[in-house]
């Protein structure tokens, strides 16, 4: 049995607020190899906090606890800040929802990719520039040289998100966490972005955690899906076996979506059983 | 009920001139639901805003009930046409209770007489009890807020409801509840809907006929049934249908190392 | 919106539950509940509570000045034996050059200070609010004209402009108040306009427009309440400056006229005896300092509670 790339056991994220303690993630466990894992859930299910906790990006006053949180054998909970810094952005990268907020508005896209690369690899400026251009080409920018010298506000949402992916993949990470990478984009554009992401992940043999609210999208994109509800994983299943989902929440989530294929009226709604959250 | 003839909407002048809507025409029968589908920048929301007066009508005609609308719109227009916005977190006044939000339209139109009974009835219609009456928006969930927004639009008993992406800010399970509510209200109150959405499945669920828009122009007018059978003559419509079915891999990828 | 009584500190748990009920049964309960939440956030900040205490103290002292002050603030004692006495048991804060008890004068001076503060707030806030919201909401040439007028007022330093007004209108407390009010509304107009620009394109304003609401109704009923909180914060923080300006005018002899016990004018008379009889100038100076500080602390606390960015 090969060693998993990421090993998460009993991950808990707590927020100590004035009004009391809120547990956003309550004992999530999973292992990830070099595969595509989807985490699906509605707002407040703790899916995003799970992704952030892995990268150590839990916003204060959050507190992360786990029995095990190891990346490639390195314990992320006890690792030094320096180790974490080299891992983050180097071997583990994250793509956020909206490129508008995650790209630096006063730096050109090219500069940002170069900076990301030089932060983790000893490379001269010339080499970094070549890498950045190659990366922009890899995310199918029509004119990499032009995009290189553009500022984030000068590109469209889809291009911005592709630039973001280029920046995150330039260091050749082993694990990419994508948190709703396409939900700010139009459907046709998001399909294009996903296709690029899919190609790169497959080519480079990366592990991918794809966090989304869209069950249909995740199941069509990933190999394995974790369904989260109220901070817990209620069901884990192979994406292709989604139709055989056992948990009523997963079934409900699937059924309540209107589809072009069949016209159900009224749409079945989700009756939330309090026992799911236990 | 609603007739849009050669509608053009232009914002700005000179270098900043943007033709948001180019020569769009469509017709909606009373009691029908009509969808406008497209991606961002397609002008679908602008059509809606031009109908209700939030965007200018540069040229062309908008007829409601056979009468051309005036600019600015008359009070009678607002009693006939109401709108529900996309983001329920932004469309309710943060300092007003549900009660104040719902009584405002009645006060504007001088119908304060049986306000209390009508507010309670409006709440009942959208499936909320009287206990919601004195809450502030921050005490409501996203779905409840959208229900309040729908109640506010319905309290003047309009005939036409303009729906601007009414479910896209909501979770899937809440979306189903709101779609059912809209479907039910239309049947019960005999409303005419114009629904704007980027989601083909949502439009096909709620509407009988729809218009696909791209870059401010009407691309294709079709029916929900045609969409369901995958029957689209236009390439752009087909690509939208394709994209709505989830991600598809072009070629099969080499097998991945299985998870440990 | 406001005007609800302060919840008493000794409310029972049943009262609290009623206030915090997620399902209020009446308009009043909803309002009180929100007010109570604000009060809870406010009372968590000890400095803000101290500020509120100082301001309440100022109000109480002003109301009960006749009862508190042991001597007349206007007529002094024996000029031969009771002039410029240091603080003692008979004269807690000493006496001034007219043999008047400084403590009594400060107590009565609080009325003058409160009078100025309240009147300036009542004149300047509505003007600023109205100019700002109308200008921001309507835009176009209305905005240009109103904002250029605001800019003209903003371009002058406050004290200088107030001096010019008082010089033109003649010295006196009423004219000083008018002068200060005229010079303090432009920043409020700017703030209100900035807030309005953010609000006017929001969906809830579009929604009320689509109900057929008239422009005055939208501005007064929907825009103003949202601008009000940040304006209240700003006005409270400005109070210290207003008190200082009033005192400055008094000091220069352009504000309150003798023998009115105005703190700034008192400092001015004390200036002549600063080396040997320091208390004559220091005592009213301390009063000015404490009250200004109180308003500043209160303003800081209010900002934490009312700032829309910190809203839940």
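Letters are used for the chains, namely A, B and C, taken in the order the chains are written, and counting of residues starts over at 1 for each.
Definition applied: a residue touches a chain if its C-beta (ideal position, glycine included) is under 8 Å from a C-beta of that chain, and two chains touch if they have at least 3 such contacts.
Only a predicted model underlies this, so the values are computations on that prediction, with no experimental measurement involved.
S.K.: Give me the fewest steps it takes to get from chain A to chain B if each step has to go to a chain it touches.
M.R.: When the steps are counted carefully, the minimum from chain A to chain B is 1.
S.K.: Would you indicate which pair of chains has the most C-beta pairs in contact?
M.R.: A-B
S.K.: If you average the CA atoms of chain A and of chain B, how many Å lie between those two points?
M.R.: Centre separation, chain A to chain B: 31 Å.
S.K.: Measuring from the mean C-alpha position of chain A to the mean C-alpha position of chain C, what distance in angstrom results?
M.R.: One centre to the other, that is 51 Å.
S.K.: Once you find the CA centre of chain B and the CA centre of chain C, what distance in Å lies between them?
M.R.: Between these chains, centre-to-centre, one finds 47 Å.
S.K.: Which residues belonging to chain C are in contact with no fewer than two other chains?
M.R.: none
S.K.: Which residues does chain A have that touch at least 2 chains other than itself?
M.R.: In chain A, no residue touches two or more other chains.
S.K.: Please give the residue numbers of chain C that touch chain B in the complex, ascending.
M.R.: 1, 22-27, 29-30, 34, 202-204, 206-214, 217, 221-222, 225-226, 308, 311-312
S.K.: Could you list, by residue number, the parts of chain B that touch chain A in their complex?
M.R.: Residues of chain B touching chain A: 39-40, 142, 171-173, 175-177, 179-180, 183-184, 198, 200-202, 204-205, 224, 227-228, 230, 239-241, 243-250, 253-254, 256-260.
S.K.: Under the definition above, what is the set of chain B residues touching chain C in their complex?
M.R.: Listed in rising order, the residues are 52-54, 73, 75, 77-79, 81-83, 85-87, 90-95, 97, 99-100, 104-105, 108-109, 131-132, 134-136, 138-139, 149, 152, 156.
S.K.: Provide the residue numbers of chain A that touch chain B in the complex, in ascending order.
M.R.: Touch list, chain A to chain B: 1-4, 31-36, 42-43, 157, 186-191, 194-195, 198, 202, 205, 213-217, 219-221, 223-224, 252-253, 256-261, 263, 265-270.
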